[in-house]
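Next, two complexes with chain A in common: one pairs it with chain B, the other with chain C.
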Partner chain A sequence: MSVLEVRDLSVTFTTPSGVARAVDEVAFSLDAGETLALVGESGSGKTMTALAVLGLVPPPGRVGSSSQVRYQDRNLLGGSEAAWRAVRGAEIAIVFQEPTTSLNPVLTIGTQITETIHAHERVTKAAARARAAELLQRVGIADPTHRLDSYPHQLSGGMRQRAMIAMALACRPTVLIADEPTTALDVTVQAQILELLAALKAELGMAMLLITHNLGLAAGVADRVAVMYGGRIVESADTDALFHQPVHPYTAGLLRAAPRLEGPARPQTVIPGAVPPATAWPTGCRFHPRCAFAWERCAADEPPTLSPAPGRTARCWLVEEPDRRRA
Partner chain B sequence: MSETPLLAIDGLVKTYGGPRRAGFGGVGRAAPRLRAVDGVDLTIARGETLALVGESGSGKTTLGRCVLRLTDVDAGRIRFDGMDITTLRGPALRALRRRVQVVFQDPYGSLNPRMTVGDAVAEPLVVHGIARGAAATERVAGLLKEVGLDPTYAARYPHELSGGQRQRVGIARALAVGPELLVLDEPVSALDVSVQAQVLTLLRDLQDRRKLTYLFIAHDLAVVRQMAARVAVMYVGRIVEEGPAEAIFRTPRHPYTAALLSAVPEPDPSGRRRRIVLPGDPPSPVRLPSGCVFHPRCPHPHKDRRCADEVPALRVVAGAQRAACHYAEEPLTRDG
Partner chain C sequence: MIARVWRVRRVRIGLALVGMLALVALAAPVLAPYNPVTQIDVVHARDLPPSFAHPLGTDPYSRDVLSRVIYGARMSLAIAAFSVAIAVTLGTAVGLTAGFAGGAADAVLMRLVDAGLAIPRFFVLLVVLALWNTVGPVALGALIGLTGWFGMSRIVRQETESVRHREYVTAARAVGCGTTRTLLRHVLPNVAGPVIVAAALGMGNVILLETGLSYLGIGVMPPTPSWGNIIWDGHDVMLNAPWISMAAGLAVVLTVLAFSYLGEGLRRALEPSAT
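And now, the complex of A and B:
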């Protein structure tokens, strides 16, 4: 059963150089206990999608009038700010990339965690503090009662991220959004945090929406992967299928470009060019100017979301004309 | 190797925080508090790429700064093309800067936002008296073309460029004076995967064409694998393993290298390898553990008293592969 369903999500920004369509007709659903990775490069719209799911699109961004974010079958986008606040942080929680900037530097870790608890539940100060200590322990911080009185700068990067996760878990959310949760961390610390997230997910039965640019991370933790390019989901599939048989040429190109420890040392081909600005997406398929297979149809008409196989989607005309792949 | 290495580093020590020593030879010796680089020996042959790998606080960037002579060292020697550059100053140092250049991680932070691309690339030409005026403009156009940018980019400002284009400008600026050695400090870590691949390809092409020597500083081992034939791994100021990239990637001899390699998330769901998760954080460089600096976090099954008591020397283990581990002959296996 899906706990979170996003339908026809669009986010636009009006800028001096025109309207930027940062997120365009994005749709996905997340089942209870499932991990979906939203993978994309800078400017693909993945972070804006995450913010929209939490009702946190910064002004002057506008969410499309027909967009829906359905949490347990209720459209949050139609609701009031109070309705958002009841869900945000309690049922849908987020862990941001940079714990240094998302933690308040002048408040202790303990204060910041208990603040979250008090915002959503009526509990005594002592009870909130006891729960905060328990949370720190659970995320693997030694001497948790003492650490409650630490300020963010007194912790290492890895410990700060653990504290952020503790804060996100404070009200036992059903959905955890992890926006590049390990990007700012060293690779050995990253391994610790991934281990922790996997253990917590299994223990608490949370669903996770992992926002990342790192294909390796997605391969390691996600059940399903959705690849974003130009504000759109261009391909989605089960993790194994996506990595072993990518359908969209962008996905295939990204996989070839990704540096790896196994297999050929160097990528044979490189995706040419760069992501165009969101104010000037190309006509037709937004990837066509960089695509090795593109033909007239790709420049003229944008492919809709097609289904190359059950449980898979791809926005690419190759789904309808697979013979062109060999040309 | 009978040829003189282009860069030779011997016993390099760089400390921060303690009261400054009165002289170079250790006169007026004071207790330094933070040993950022702690007795490093390295050589790089002409035309070679040596990757210096490590996590935050490993000292890799400090080592790069010492090589660039952006900071003074506490002890040890740095020789460039046979010449001792450890304490070089004045005009001799200026002359060295024409031969050793740097590309930083964040081209946004290292380019002056109020200077056009053309002026930024021309600046080193003017400073070093290589070219000015129309001659400089012509050189700039050539350099921009060489790094894959249209010469019309000379009129633009850094904010008008993408991350990849800015990094190309950073590279053009470093190449302007015709250097032999480039210190590349995390040159692609701030870039997207597809752009990363483009910039790495450019760096390899430039190396072939200009016979450049690279000191490639990076934390990403998968990126390192594309660039370097030789790798040195640093942990809290020391080299813990060094040797041919292929050998190190196949059989890491130091448990820290093994853990680093196992932690790299590989974009292949079928190859979910055993991850070695290290406990805790690296030690504070002001209070280093006794014996092997890695021993408190070491997952090696043979770890014993000796590791806590005796500092392991960086020694040859197999072929040209060196490791600083008492049990380097019995490396941790990736699947065992």
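And now, the complex of A and C:
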């Protein structure tokens, strides 16, 4: 059963240069205990999707009227701010990319963790503090009771991210959103944080929405992968299937562009062109100006979400006309 | 943070001076050799020059100037503290609301503040106080505070506006904090620095303002001593008995200097960009 289901999610921004469709008709579902990776370049709408799931789209952003964020079969987008607050942090928690800026510099780590607990549960200060120490211990911070009184600037980047994770887990959420959780960290620390997230996920039975631009990371951690381009999910599939047989030319391009350590050396390939601005998506398929296979139909009509195989989706006309791939 | 503030020399000097002044104000009944309103001898003890009995001489009404200056410190500092407290509270409340809400609320509040800033404060106070027969010190402090929060609200609004977009504010909401909690716990402490600086500098300004109003005879009412009306008491006999006005004038200068040192020092300590 899916714990989190997103249907027809759109986020638009009215800017001086027109309406920017940052997230457009995004749909996915997340089963209990599952990890879904949302992969895409900068500006593809990944982070905005995550914020929309928490009802935190910053103004002047607007969520489409037919959009739905269903948590345990209840549409949160129709609900009140109080209903959102009850869900945020307690049911759906998020770990942001940059622990340096997402921790408040003037409050101690302990204050920030206990705040999450106090926001959702009626517990004594001492009990909350004891739980915060336990959480720090669990995320691998040595001398947790002492560390509770540390300010963020007294911790290293990796420790800060561990503290952020402790904060997110404070109320045992069912869904954890990890928005580029390792991007801001040293390479040596990245693997540790990922291992920690995987272990905690298994231990607590959480579902995880992992947002990343790093395909290797998605391959290692996720059960399923959804690739975003231009505010849309262009392809989604089980991780193995997606990596072995990408359907969408964009996914294939991303895979070819990823550097590899094994196998014979080969020149680095790139996807030609750049992501167009969100105020001026091309007509038809949003990827067609950069696509090697594009033909007239791609420029004229936008492909709907098609299903090339059971459990897979792709927004590409090649699903209907596979012969063109060889041309 | 306290250590960082203390390392700035101006803060130490400013705090020492302010502390000394506060002590004088609080201990006025102990320190003052005479009752500040007692007329010692209306015939023989007018405009006496400084002596052992009267270190700062006496004024035209034969009152001890030192005692009046000491009690004046009490009055001036109390009025300044009260009015700055009002200005900080109002300015912070309005600035936080405008900066955090944004949009229409922000626009309306800030246009009101613009209007407030456009009206010359001194003349508003002049008119109100002139029409109001007997103004007590509390009402005077309140009036000064109520007309002095506009600048503060702009500072707070600007800081709030920049803090509001920081990721930790989004993070606070993402763990389930409501608007009030987010504002008071996460935004307010991060805008406190400039508020503290502005409050310290504001103390000096308010003391000058109150001195001016009292000098004109519409601030603190005689015989209650305030530095402004002591300067007035001495201004007719400036050539014969300059110590009267000068004593109070020096007290004003020293106080304003102390707060300005403190404010500037705090600015250097709390706003790294200013150095």
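One rule holds for everything that comes next: the second predicted complex is superposed on the first by the 321 of 327 C-alpha atoms of A that agree within 3 Å, B and C clash if a C-alpha of one lies under 4 Å from a C-alpha of the other, contacts with A are read in each partner's own complex, and residues count from 1 in each chain.
Definition applied: a contact is a pair of C-beta atoms (placed from the backbone, for glycine too) under 8 Å apart; a residue touches a chain by one contact, two chains touch by 3 or more.
Quantities reported herein were computed from a predicted structural model and do not represent experimental measurements.
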> Do chain B and chain C fit side by side on chain A after the overlay, or clash?
Replying inline: fit
>> On the A-aligned overlay, A:Leu148 touches which partner chain: chain B = first, chain C = second, or both, or neither?
In response: neither
>> Once chain A of both complexes is superposed, is A:Leu54 in touch with chain B (first), chain C (second), both, or neither?
In response: second
>> If you tally the residues of chain A touched by each partner, is the higher count for chain B or for chain C?
In response: B
> Of the partners chain B and chain C, which touch A:Leu217 in the superposed model: first, second, both, neither?
Replying inline: first
> Of the two partner chains, chain B (first) and chain C (second), which one does A:Arg88 touch, if any: first, second, both, or neither?
Replying inline: second
>> Quick check on the superposed pair: does A:Thr239 touch chain B, chain C, both, or neither? Answer first, second, both or neither.
In response: first
>> Which partner chains sit in contact with A:Leu103 here, chain B, chain C, both or neither? Use first/second/both/neither.
In response: second
>> Under the stated touch criterion, which partner chain does A:Thr116 make contact with: chain B (first), chain C (second), both, or neither?
In response: second
> Angle at chain A, chain B to chain C, CA centres, as a multiple of 10°?
Replying inline: 80
> Just how close are chain B and chain C at their nearest CA atoms in the overlay, in Å?
Replying inline: 18
>> On chain A, which stretch or stretches are contacted by chain B in one complex as well as by chain C in the other?
In response: none
>> Which residues of chain B touch chain A once you look at their complex with the stated criterion?
In response: 55-56, 162-165, 192-198, 201, 219-223, 225-226, 249, 259-272, 275-278, 281
> Which residues of chain C touch chain A in the complex?
Replying inline: 102-103, 165-168, 170-178, 181, 185-186, 189-190
> Tell me, which parts of chain A touch chain C in their complex?
Replying inline: 51, 54, 56, 58-59, 81, 85-90, 93-94, 96, 98, 101-107, 115-116, 119-120, 164, 167-168, 170
> What part of chain A is in contact with chain B in the complex they form?
Replying inline: 41-42, 156-159, 186-192, 194-195, 213-220, 239-240, 243-244, 253-255, 257-262, 265-267, 270-272, 274-275
